[in-house]
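You will see chain A twice below: alongside chain B first, and alongside chain C after that.
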Partner chain A sequence: MGTFLLRRLIQTVVLLLIISAFVFFLINLAPGGPFDALVFGSPRVSQAHLERLNQLIGLDKPWYIRYFSWLRNVVVGDWGTSWGVAYGQPVLTVIAERLPATVLLMGTALLLSLLIALPIGIYSALRQYSWVDYVVTALSFFGIAMPTFWFGIMLIIIFAVVLKDTPFQLPTGGMMTPGMGFDLADRVRHLILPVAVLSLFNVAQWSRFMRSSMLEILNQDYMRTARAKGLREQVVILKHGLRNALIPIITIIGLEIPALVSGAVVTEFIFSWPGMGQVFFQAVFASDWPVVQGIVVITACVVILSNLLADILYAVADPRIRYS
Partner chain B sequence: MRPSRVLLTFIAVLALVLPSLAACAPAPAPTPTPAPKAAEKPAEAKPAEQAKPAPTPTPVPAPSPTPTVAAKPAAPSRLVIVMGQQPDTLHPGIGSMMAKTEVEYALFAWPVVFNDKGEYIPWGVEQVPTLDNGGARFVGEGDDRHLEVTYKIKKGNKWHDGTPVTAKDMRYQWELYLDPKFPIADRSLIQKVYDVTVVDEQTAVYKFMSARQAREAAQKGFRGLDAKEYADFKDQKDPVVDPLYWTVGGYLPSHILSKIPADQQEASEFARKPIGNGPYKFKEWVPDQSITLEANPDFFLGAPKIQTVVFRIIKDTNAQLAALQAGEVDVVTQVQGPDLDKAPELDRLAAQGTYKPYYIPGTPWEHIDFNLDNEHLKDVRVRKAIAHAINREQLVEKVLYGKSRVAHSWIMPGSPAWAYDESCLVKYEYNPEKAKQLLAEAGYKPGPDGILVKDGKKLTLKLSTTDAALRKTTAQIIQQQLKQVGIDLQLEFLPGRGLFETKGPLRQRTFELGMYTWLSLPDPDRIDYMHSKNIPSPANNFTGNNFPGWRNPKADQLAVRGSQSLSEKERKPIYCELQRLWTDELPVLPLFQRVVVTVARANLENYRPTGSSTPETWNIHEWVLRS
Partner chain C sequence: MATAVQPYPRDEEEVLTLPELSQWALIWRRFRRHHLGLAGLALLGALFIVAYLAPVLAPYDPTAIDLNAQFAYPSAQHWLGTDELGRDILSRLMYASRVTLSVALVSTLLTALVGTAVGAIAGYGGGWVEIILMRTADIMLAMPTLLLLLVLSKMLREMEGVKALFGAENVSLAVIVIILVLFGWMRVARLVHGSVLSLREREFVEAARALGASPARIILVHLVPNTFAPIIVASTLGFGERVILESTLSFLGLGITPPHPSLGNMLSEAQGYMFRNPLLAVYPGMVIFLTVLAINFLGDALRDALDPRMKV
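And now, the complex of A and B:
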């Protein structure tokens, strides 16, 4: 296991170097810099002035020279400064300001989705073809097909406008009511709708996974053996069935962890949630390459590491798997 | 209990608990802004269209702001203002986002302000210095003759920490803005100032460059700025002037900023937590969420009536509408706010009486550039035919819901009033028959598919524009209208960056027709796209905005004379002639004035949006919420 880990960690570093170089190159293929459209708002600006503005942020050098400067600085902890989203602010600060909000949103959605999806999936499997199963299946298809941007706006209209002045009214967006200090109830009320939107898709998908995984297990021979041995149904299902059915779920959750960091652009945009997804979107449109590069590299890192974690947990959960 | 029962119970409990979490949470704190009762009067049939003439630049001498009485602390109240984007910084000298300007005008009170009536009024200074009132004058002789503009700061004009605003602060701003390491967006005006003299605490004199100083700068540069940035003054014979010279003055808190080097100002605390001299003080900035400001009771033009102002960032326009309908917000600004496609919803909201939408024909104007080097477009008859073939009135009706007007010149009515003169314009009414006639004269004959052909070449043209919804609709309507006269118009939609970038079709002049928006400044001088030297090409390092490539020696002469004169009497006939030439040769076809859309509570008094680049918040200290 030790050699396995070491090998994987080395692979991680190499992968990150390749990814960061590739992304840097791709970004710089995109048309325009942050100041190109300046003249359309300030018609008297001269080309010489634009060149100076570009020079001040280092855009006068070719991309490969800039990449090596970036790499050299990253190693000592300087990820550059934003020149679009938050002019002059260090990239790490821009990210650090948005990361907690994203983790809160995505983490809550993840937990809630698991809490709902797993029991529903298991029940569906146990009561296959019952009316509950059919209802859940239909709702799942609905949830998977539903576009986030439409569903989000519909929820806002229902809960903020239609239910206005009722105890069920919810805010239209944001993380908190501006001006209020930290108020738990206020934060929870702001979380409800965006979490609901995110959870819908997850619940729909994961309950299907759980259901099919459980069904597969229930048909195994050792389940019949366990019952034949005289064990209680509860023990058979939970100890012999569920534990094995959860293994593929671990992989799925492992793949979801990067979303904790990268956020969900559409949901954050609609609910004005100050997260990583919407700041990435902003940075791309503002041609804010340092921020884009920073977020991509961090996300890549998290993806690689969470895959590694999923692999390790998989080995832990399934004794048949051993890495060398 | 069977496991399935356990599960079912668990699910049922969750299904009950979650909604009741919402219901049992304490009722929303009542918004302190008094929620106005439903309309007492019958709904207006149409929202009040602000048919204001677009601004004139003539400065108004006598000041008339609210009297500076000893301020009573305002009753605690709160106003929520929505912006669709957040500022990238709050440093007044960096960046050019409208989002920043909205907040900036609440935090800072600048010397001169351009108001909603199109007047320049004295705000932080005693009078707007002009040649007419003696605040500005020419000094010296011959090559050393130069323009001097004197500002006298009002007594009581103080920074939020109590330090008075002085002439030293004006000089400091000039020094900083000319520093080559300071990333200012636009220094085209202030770089013309050779020196700022501090006469006394209240008085500063801005000295524009003389001809000699300008030529020197074009040779050797000035204060670290490159000679290239003064290339226009290589052969300067007259004193350097600017048609908007009275707007050159400004100030910054030198007692705070002079300690910070120019290249570190963008990263300073001041850039995120500014100290201004305006009606509101900075309180808090929650990134991507809100910026909160508190009233400044010592504001020299009168304490604001509203205690707290919150700029709330709501990015999605549907969510902005929902916030209005839910009564959560009080004002929606034009910053990435609802565009005209939301006009029907806004009018419905107005009918309920709680909010009032404002549709102001603004200074930006939509137009089509013709590339005069294109084989078809180089014939003026083809250009005129296109002008007659497009039904611009219909565009305004359909795309802008009738809330704007057709544009005929680069000068909008009233912007400035002395320069806009219908008798100087050649107008093109919608007349498809005339269009067909002109095209026939130009040698085009209809081909078998109805598209015109000349010398074996089809009249196929490509229109490049951005992919904004309004532009797409406009482009498609134009495509249909041109088809009626036999022109095959291909449409190309690019992201904004793609159209405007240095390597894009406009600046590289690879486009055929280009549709986009120009700002119209409160002065008719647009030498940047009138003069032939401003045709971007490899030879001139792609400088200049004359994308059509208009070359008219008479127009060149007129443009230069117009930009160097300060006398309205002298300039009026110049720009009349220039407009005649421009509308006759039609290098550009103006389409319509863009509309600034903003929404405010019906009971918000003194809300006076401008339609120019002055933000809605310019007079925020006068706003009152009547209950």
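And now, the complex of A and C:
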């Protein structure tokens, strides 16, 4: 286990280095730079001036040299300065301000998706070909084919236009009612629609995974053995069945994290949720590359670390797996 | 008197004289049993026909502005009503579907081509070529795709070279196809790589090599045709994903941009008028939803029909 952990950890670090270099290279190709606003503001700034300014902050060096100095700065906590969405502010501050909102949104959605998808999938598998199973299968097909942003718009139409001025009207923008202090009920009401949008696809897909994983386990020999021992059905299903069926789910959900991130960007855009996805989107439009780069790198880290976590959990959960 | 049900297989004589079915006939036979797959195929066919015959079928010019008929409700003249500029929604939907379907189709074909090439070269070539190509695929699969698509889309459409190459008007179409292919080839490459790895050890490949066939000939003639089944299934399901991705990007303003109508940018325009006419936002999403639903049914049926053991 120790060597396995160490090897995976080293692999993860190498992967992060490759991805960050790739992102750095990509963004290095982008047209525009930190002095665009200067040139735009006063046409008298000449090409020679620009070159001198670029030289001053090291922009004249090739990208790989700049990558290493960027990397060194990132390690000590200097992620650069925003030149668009939050002019003059350190990128790390911009991200830190937005992170809690995104964590709240994604965390709630992740938890809720698991709490809904897993029981549905298990029940579907236990009652294969019952009407519940058919309904769940049909709904999951719909959920998978539904574009996230359209589902969001439909919810806004239902809960803000059709149900306007009824008790069911729900807020469709932001994290809280402006001007209001912290109020739990208000927070929850603002969370409902974005979380619903973000969870739909996951619930649809994960319940399918859970169902097929459970079905596979139900046909295993050890299930019959457990029943033959005279164990109660409940114990057989939960202890012998469910525990084993959950193992592949860990990996699958680990692999689904990038999709969750993509969903979060779109959801934050539709509901003006003040999170990282929203600021990322604004930064892309404003060609604020330092912020863009910071957020892509952070997201890549989260994605890769969650894959690592899934791998470790997998090894812990399944004693049959021995990494040598 | 009910006719006696023929037991199957019938007597030996009869089985032997049954007409021989070709590979494709067998596939069609398995596919036909899949009712949802048939429904998906029919729906998708209808969508394609309506979209591609838009110039003939559309009742109005999709760009014709009629400021006297803004936000008209569905009527005999305008079956689905009109939008904020009085343009006929049905006509716009037809033209937008044509753009959306074309972009998905072209990018899916290119993705299949690139993915197959990479997978086959990696699988047959082996060595460091394989390591580099397949590691790249792994790394790209682990990246937050939508974020990078947004960044690339913004960057590419501003580059002078890209503008000059495709013309300012068509930049958005070209860019979306390029980025969808750039971030889409990995899954097909993995599937082909896997198939080629097991195929290249088979006797018929050895025989071809013994007869002096070049690596290119072995890959093109002997290996790739044997990987068509997973490629077709993955591409079918990928087509649906690309419809959603393109619509999402267009909705966010970084996909297909006017003057070309697309289902995604129609939705983003409609978002501004949700309180005046919510139906504007319902139609384009409905078309996307039905397209993806149809293609997913089709993909599922194809998977069962092409190879029941296959897992994609």
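In this section, the second predicted complex is superposed on the first by the 277 of 324 C-alpha atoms of A that agree within 3 Å, B and C clash if a C-alpha of one lies under 4 Å from a C-alpha of the other, contacts with A are read in each partner's own complex, and residues count from 1 in each chain.
Here is the rule we use: a contact is a pair of C-beta atoms (placed from the backbone, for glycine too) under 8 Å apart; a residue touches a chain by one contact, two chains touch by 3 or more.
Nothing here was measured: the structure is a model prediction, and the numbers come from that model.
K.L.:
Is A:116 touching the first partner chain B, the second partner chain C, both, or neither of them?
P.N.:
So A:116 only meets chain B here.
K.L.:
Let me test your reading of the model: by the given contact rule, A:144 touches which partner, first (chain B), second (chain C), both or neither?
P.N.:
second
K.L.:
Going by the contact rule set out at the top, does A:269 touch chain B (first), chain C (second), both, or neither?
P.N.:
After superposing on A, A:269 lies in contact with both chain B and chain C.
K.L.:
Is A:19 in contact with chain B, with chain C, with both, or with neither (first, second, both, neither)?
P.N.:
Second partner only, chain C.
K.L.:
Now for A:210: first (chain B), second (chain C), both, or neither, which partner does it touch?
P.N.:
So A:210 meets neither chain B nor chain C here.
K.L.:
Check the residue A:237 against both partner chains and state whether it touches chain B (first), chain C (second), both, or neither.
P.N.:
After superposing on A, A:237 lies in contact with chain B but is clear of chain C.
K.L.:
Regarding the shared-chain residue A:156, is it in contact with chain B (first), chain C (second), both, or neither?
P.N.:
both
K.L.:
What is the contact status of A:173 with respect to chain B (first) and chain C (second): first, second, both, or neither?
P.N.:
Only chain B; A:173 stays clear of chain C.
K.L.:
Identify which of chain B and chain C touches the larger number of residues of chain A.
P.N.:
More residues of chain A are touched by B.
K.L.:
Touching A:31 in the superposition: chain B (first), chain C (second), both, neither?
P.N.:
both
K.L.:
Both chain B and chain C contact which residues of chain A?
P.N.:
The overlap between the chain B and chain C interfaces on chain A comprises residues 30-32, 153, 156-157, 161, 269, 285, 287.
K.L.:
How about chain C: which of its residues touch chain A in the complex?
P.N.:
Touching chain A: residues 139, 142-148, 150-152, 154-155, 158-160, 240, 244, 247-248, 251-254, 267, 270-271, 274-275, 278, 281-282, 284-285, 288-289, 292-293, 296-297 of chain C.
K.L.:
Can you list the chain A residues touching chain C in their complex?
P.N.:
Chain A residues touching chain C: 15, 18-19, 22-23, 26-27, 29-32, 141-142, 144-150, 153-154, 156-157, 161-162, 258, 261-262, 265-266, 269, 280-281, 284-285, 287, 292, 295-296, 299-300, 303-304, 307.
K.L.:
Which of the residues in chain B come into contact with chain A in the complex?
P.N.:
By the definition above, chain B touches chain A via 2-4, 6-8, 10-11, 14, 19, 21-23, 25-29, 78, 80, 88-89, 94-96, 180-181, 183, 185-189, 226, 228-229, 231, 263, 265-268, 271-272, 286-290, 292, 308, 310, 312-316, 318-319, 322-323, 325-328, 496-498, 500-504, 516-519, 521, 526, 528-529, 541-545.
K.L.:
Under the definition above, what is the set of chain A residues touching chain B in their complex?
P.N.:
Residue positions touching the partner: 30-33, 35-50, 52-53, 56-57, 81-82, 84-90, 94, 97-98, 115-116, 119-120, 122-123, 126-127, 132, 153, 156-157, 160-161, 164, 167-180, 185, 188-189, 192, 233-234, 237-238, 269-272, 274-275, 278-279, 285-287.
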